[in-house]
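Pasting the structures in now, so scroll down.
Both of the next two complexes hold chain A, though its partner changes from chain B to chain C.
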Partner chain A sequence: MNREQAGRLLQQHGAVMVLALLVLAGSLAFDSFATPENAASVVVSSSFLAIIAIGMTFVIIGGGIDLSVGSLFVLGGVLAAYGSRHGPLAALALPLAVCGTVGLLQGLVIARTGMAPFIVTLAGLLGVRGLMLAISDEGATTYLVEDRAFAALGQGELLGLSYPVYVTAGLALAAMVLLQRTGFGQNVYAVGGNEQAAALMGVPVARTKVLVYVLSALLAGLAGALNAARLSSGVTILGIGLELDAIAAVVIGGTLLTGGAGGVTGTVAGVLLLGVIQSLINQVGSLTSAFQQVVSGAFLALVVVAQRLLSKAQRLDTGGPP
Partner chain B sequence: MTPHVRMASLAFAVLLTAAACAKAEEPQAAPSAASTAGQQVVQTPSGAAGPTCTLQQFGGTPFDLKTAVVGFSQSEKEANPFRIAETKSIKDEAAKLGITNLKVTNAQSQFSKQITDVQQLIAQGARLLVIAPLNSDGWEPVLQQAAAKKIPIITVDRKINAKPCSDYLTFIGSDFYEQGKRAADRMIDAVGGKGKVAILLGAPGNNVTTERTNGFKDRVKEKAPGIQISFEQTGEFAREKGQQVTEQLIQSNPDINGIYAENDEMALGAVTALKGAGKEPGDIKIVSVDGTRSAVQGIVDGWLHAVIESNPRFGPLAFETAAKFLDGGQIPDKVIISDRDYDQANAKDSLGEAY
Partner chain C sequence: MDPVLEAKGISKRFPGVLALDGVSLALHPGEVHALVGENGAGKSTLIKVFTGVYAPDGGELSFQGRPAAFGTPLEAQRAGISTIYQEVNLVPMMSVARNLLLGREPRGRLGVIDAAVMNGEAERILAGYGVETDVRRPLRTLGVGAQQMVALARAVSVDARVVIMDEPTSSLEPREVATLFEVIRRLRAAGIAVMYVSHRLDELYQVCDRVTVLRDGRVAHTGPLAGLERLTLISLMLGRELDEVRSRGLTSFTRRRAGAGTPEPGTERAPEPRMERAAEPGTERVAEPGMERVNGQAPVVEARGLTRRHVLRGVDVTVRPGEVVGLGGLLGAGRTETAKAIVGALPLDGGRVLVAGLPLRGGSTAAAIRAGVSLLPEDRKAEGIVPTLSVRENIALAALPALARAGVVSEARIDRVVEIFMRRLRIKAASPHQLVSELSGGNQQKVLLARWLAVRPKALLLDEPTRGIDVGAKAEVQALIDELAAEGLGVLLISSDLEELVEGADRILVLRDGAVAGELSGDEVTEEKIMATIAEQPPEQEQPPERGRPGEPSRQGARPQVGERSHE
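== the complex of A and B ==
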């Protein structure tokens, strides 16, 4: 194995390796860490961030960024709780329809006007949270999920894990197939790698971008709806800063922030890594939670530096410009 | 924590061996005379009003608090004095009682994190949970898990919307509606029963904000119909937000007479905004709730008119309640504490008791 291959391997599977190491260290250090119950709590609570981060992976590989997902997550939850008065179907359809529309609008603006995704989705972040506050009396009204069938979607369990975990696993598999085995997936890589070159090759750049933002918004809305089912209420104080957690997970997972490279496996490992760090800090019990942010931040910095070094090494190996 | 230990634990964390931090410990402040001052006093004698709950009714089994894992879940970042005093009170009391296995988590104002925190406390074998809830709704997954294991939950300062004695054991806290009413009395007094008053609302989605607002408004409507509440906006219990909202307030309502801030942090933010706008102490009457040291100092300096206390020292009462419950005693469905108030007359002498 030469240096380039080693570098690529580390880039793609570094998060999985670190995750395995952390889990091993945690199991040795704490009796109550590797219990089925604690593992379930990490996996279940990570599943909502994972759904959002899967969408974010598409956006970032496609060379964009989506800051609106935290707001879409809380809006999705409030709409789901509101819709659940009219049955489980409405509880799912309402958040998906609204969030999908927001994603479509953002995608159209980004693809058609060429405005920076950062600004367009920042506007989305603010506007969508405003919309959520408007339908909940500035957050003072919490809609409760009355429909037991819908609540069961978030609370029901199979083999000790609640349903959202299986939904997340299914979505991750589907996303892998979509990204690796379909034309759409190849287009996302092409657009993120080099937009002009992709356009010259006949890749439908605008359509790909729009679809990516719609997908991200739909997944954020779905995560919000599932979370509302789990909590049995449309809690209005959720999702602040969640977009940054999602971006951190995607980058820790080895997806390049500049676009064109990355994958879903790394993202899922990145999300679990953040969850395991939180769990380890809770195990210690006497450390303040601020440590979690310190450790997560340190990880992110390490990964970004490593990515930079690896990509430099690869360029040197292939004789490209530094 | 000494700088040395802090550096070492930080380095360890970065080296992916967070496990090594297990030995790092919070400094235990030597119990000082001040730590017993201003302790919480129960208002309604326990058992007098409302239904009560015993261990038998709850369905749990007795255990020894000293050796059991006890979990405390704090809601907000420890950036405001109320939260700092609350966590310290719980930790100090646990140390005093010889509870060796207290696990403390802080949700950093993120509700999803608080749910996960409590679930992980349960997974770590917690037998008793003391929770300062960030939000009143959305606790179902936690309550289900705790109920399955018959773990008693005591919620402090905010309520959880659920059934006492089955979903959770009891709630310990202030009567927030009463606090709102008393704040209104002070405000009516301050502005002479007429004029324009603004409300800086607390964070949405919890009973504290709702009740402090309703108590204030109901009392004003009842006793001083001449007072017009002409502005209300949320300052989310935070100082910067209180300042920001007050800046907008004096732009849009320059003739405002009084500001009711639903906590001290927002009131202190309002003071900063008023100073920035060139106002003098006392130009606009400020009444707030909490009783933090800076706010009581604000009364001494003349910027605040009165402060209604909301006592955060939950440690002694929480563990006393838990011990009584485990001994088979009757626990009321809510334990309401009695709060004092601070004004020009007593502020200077009471500074030492404020937190």
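== the complex of A and C ==
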């Protein structure tokens, strides 16, 4: 194996390798780490972030960024709880419809006007948060999930894992196929890799961009709805800043922030990595959970530097065009 | 036979410019049609009209006998008009196979892409183009030539009726060019019309049937290429009298070889103001007529044993003041890398660089610029111009530290320097404040030259300075290189154009596989000698490939190995 291949391997699967190492180290260091209960707790608590991060993976590979997903997650939860008064179908359909529409609008603005995704989705973040506050009387009203069937979607368990974990796993698999094995997935890579070339190669650039933002918003809304089902209420304070965690997980997973390269496997590993770091810090009794943010941040910085070095090494290795 | 693609009186107007003025052109099935003209003649605009990038303001386009209006490049492509652009337009981080088959990937069960079938198909297609590589590798890990072949394969393999090639050979090795021509002949035999845009006249005569010359947005000539004298063609492109072209020669290098000392006075060119550098403090490196330029002077650049794994193997380069040293060799021989290594833009495993006798700190282009060595990079889009800045800002960029007092830059001084260089280099821009991205390729190149000249270098490394620019601008740049050397500048000239190398350089270093294979000077500086030096001792496993006949994909083992760069 030459350096180029090694570099690519590290780029694509580095997060999985580090995850494996951390889990191994944690198991050796702490008796209470490698227990089924702890594993289940990490996996369950990671699943909501994972759903959001999967959508974010598409956006970032496509060369964009979506800052609105944290707000959409909260809005999705509030709407799901609100809708659950009219049955489980409404509890799912309402957040998906509203969040999907927000994503569609953001996507259309980004694709048609060429405005920067950062600004458009920042506007989305603020606007959606405002919408959520309006619905919940500035957070004073908390809607409770009254529909049993819907609550079961978030709370039911199978083999010791709650349903959202299976939903997440299913979504991750579907996302992998979508990204790697469909024309849409190829288009996402092409648009993020070289938008101009993609257009000349016949890729429907605008449609692809719109679709990734719709997908991202739908997944954020779904994650919010599942979270509401799990907590039996549309909580209005959780989820602030979740978009940054999602971006961190995606980048840690090896997806290039500049677009064009990355994958769902890495993202899932990135999310789990953040969860495992948190869990490990909890194991070390003397450290508060605030420390988790410090470690995650440091780790993110490390990954970005490593990616930079890797891509530099690869570029130099191949010499570039003579 | 009826034309497959026909333009009738096409006009296209941009703010302030009539880019196309009633252009009519018919492209017939099975013909290779050359489209030539200087930059600004309207070639690119015409291509963009054909390919649906621009809608014409007037006139009519017909495709396969029916009026056609393509709203987007995609529509044109779907209709059967494929285009290969000058800069490779693929997605660098996607795999070769995915690039090749994007949009029409083979599907397996459930409609998902079958990666194995896709990769197999990609390998099969590329084999016909002499590209043999692991198609799962990201495209960017291939050489430029191989990338271009992938682009070509992609363009041709979508049922094209018309293939438009815009400067397809600008980054190909001769061997790859031969493969390209084979493909073109195959297309012709299959009744596909090829529009071939190139600045390389040799190629036109080798492969094209007819030619259309555009000048200032109008058709200056159209007709069969055979029998059209080369000088006539050039004069048609330039719009100059034949005699004038004859007197200037094909390239615009006028100096005599090393040892000839003085620059030849009074060429046929209109006298231009010599560099009015004396007006600028510190710019007074005035040409001394009769100065012994080459012999006996201390080298301005002396590179010893430049080494980098896989890339350079102990390259020595010496450039003396007033000397033009050519760097010859095939694509991938290490020419660009040598230049980059000298200015510190390529990390080295070994070797050192002395500028005017003083060692240069490695790894810092800023140090190299301060010491007086600048590089004009090959890829002016990616490594040269700053497209969002004006001509003025682009020129002043590198010189800002020199133009500043206590960190404060004098606008007036900048204006003066910019004005001098715009005049001296005949940069055609509406004003110094025009965006550099709006200029033609030739003028962009001159802006870059101006940028480096403004820092008053002792030596200038020029990597393909005339690549992809039109004949007129090329001549001007070549003449400039002469003038600059005559004024005492040391020049390292990299060019794939042998003619340019031979006529421009006093001395030529021929590189092969990252090492100096030979040095030619005096009478040895000929195209034949360069090729012979390159050809000496062909590296192992690189037997000259037997080519299959046109229409027949080359067979296993007889394939030219394009694309792979040596890694181990």
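In this section, the second predicted complex is superposed on the first by the 320 of 322 C-alpha atoms of A that agree within 3 Å, B and C clash if a C-alpha of one lies under 4 Å from a C-alpha of the other, contacts with A are read in each partner's own complex, and residues count from 1 in each chain.
Basically, a contact is a pair of C-beta atoms (placed from the backbone, for glycine too) under 8 Å apart; a residue touches a chain by one contact, two chains touch by 3 or more.
Computed from a predicted model, the values in this text were never measured in an experiment.
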item: Contacts of A:G202 with chain B and chain C, given as first, second, both or neither; value: second
item: Partner chain(s) touched by A:M56 [first = chain B, second = chain C, both, neither]; value: neither
item: Chain A residues touched - chain C or chain B, whichever exceeds; value: B
item: Which of chain B and chain C A:V271 touches, first, second, both or neither; value: neither
item: Which of chain B and chain C A:N227 touches, first, second, both or neither; value: first
item: Chain B versus chain C as contact partner of A:Q186, first or second or both or neither; value: second
item: Partner chain in contact with A:N194 - chain B first, chain C second, else both or neither; value: second
item: First, second, both or neither for A:L218, with chain B first and chain C second; value: neither
item: Touched partner set for A:A140, first chain B, second chain C, both or neither; value: first
item: Footprint overlap on chain A, where chain B in one structure and chain C in the other make contact; value: none
item: Chain B contact footprint on chain A (complex, rising order); value: 18, 21-22, 25-26, 28-30, 32, 35, 37-38, 40-42, 44-45, 48, 136-140, 142, 144, 151, 155, 227, 230-233, 235-238, 240-241, 275, 277-291, 293-295, 298, 302
item: Residue ranges of chain A in contact with chain C within the complex; value: 2-4, 8, 177, 180-183, 186-187, 189-190, 193-194, 196-204, 256, 260-261, 314-322
item: Contacting residues of chain C [partner chain A, same complex]; value: 72-74, 77-78, 83, 85, 89-94, 98, 102-103, 105, 111-113, 115, 138, 140-141, 143-144, 154, 171, 310-311, 331-337, 346-347, 378-379, 565, 567-568
item: Complex interface listing, chain B residues touching chain A; value: 9-10, 13-14, 16-22, 24-26, 78, 102-113, 115-117, 119-125, 134-141, 144, 203-205, 209-210, 234
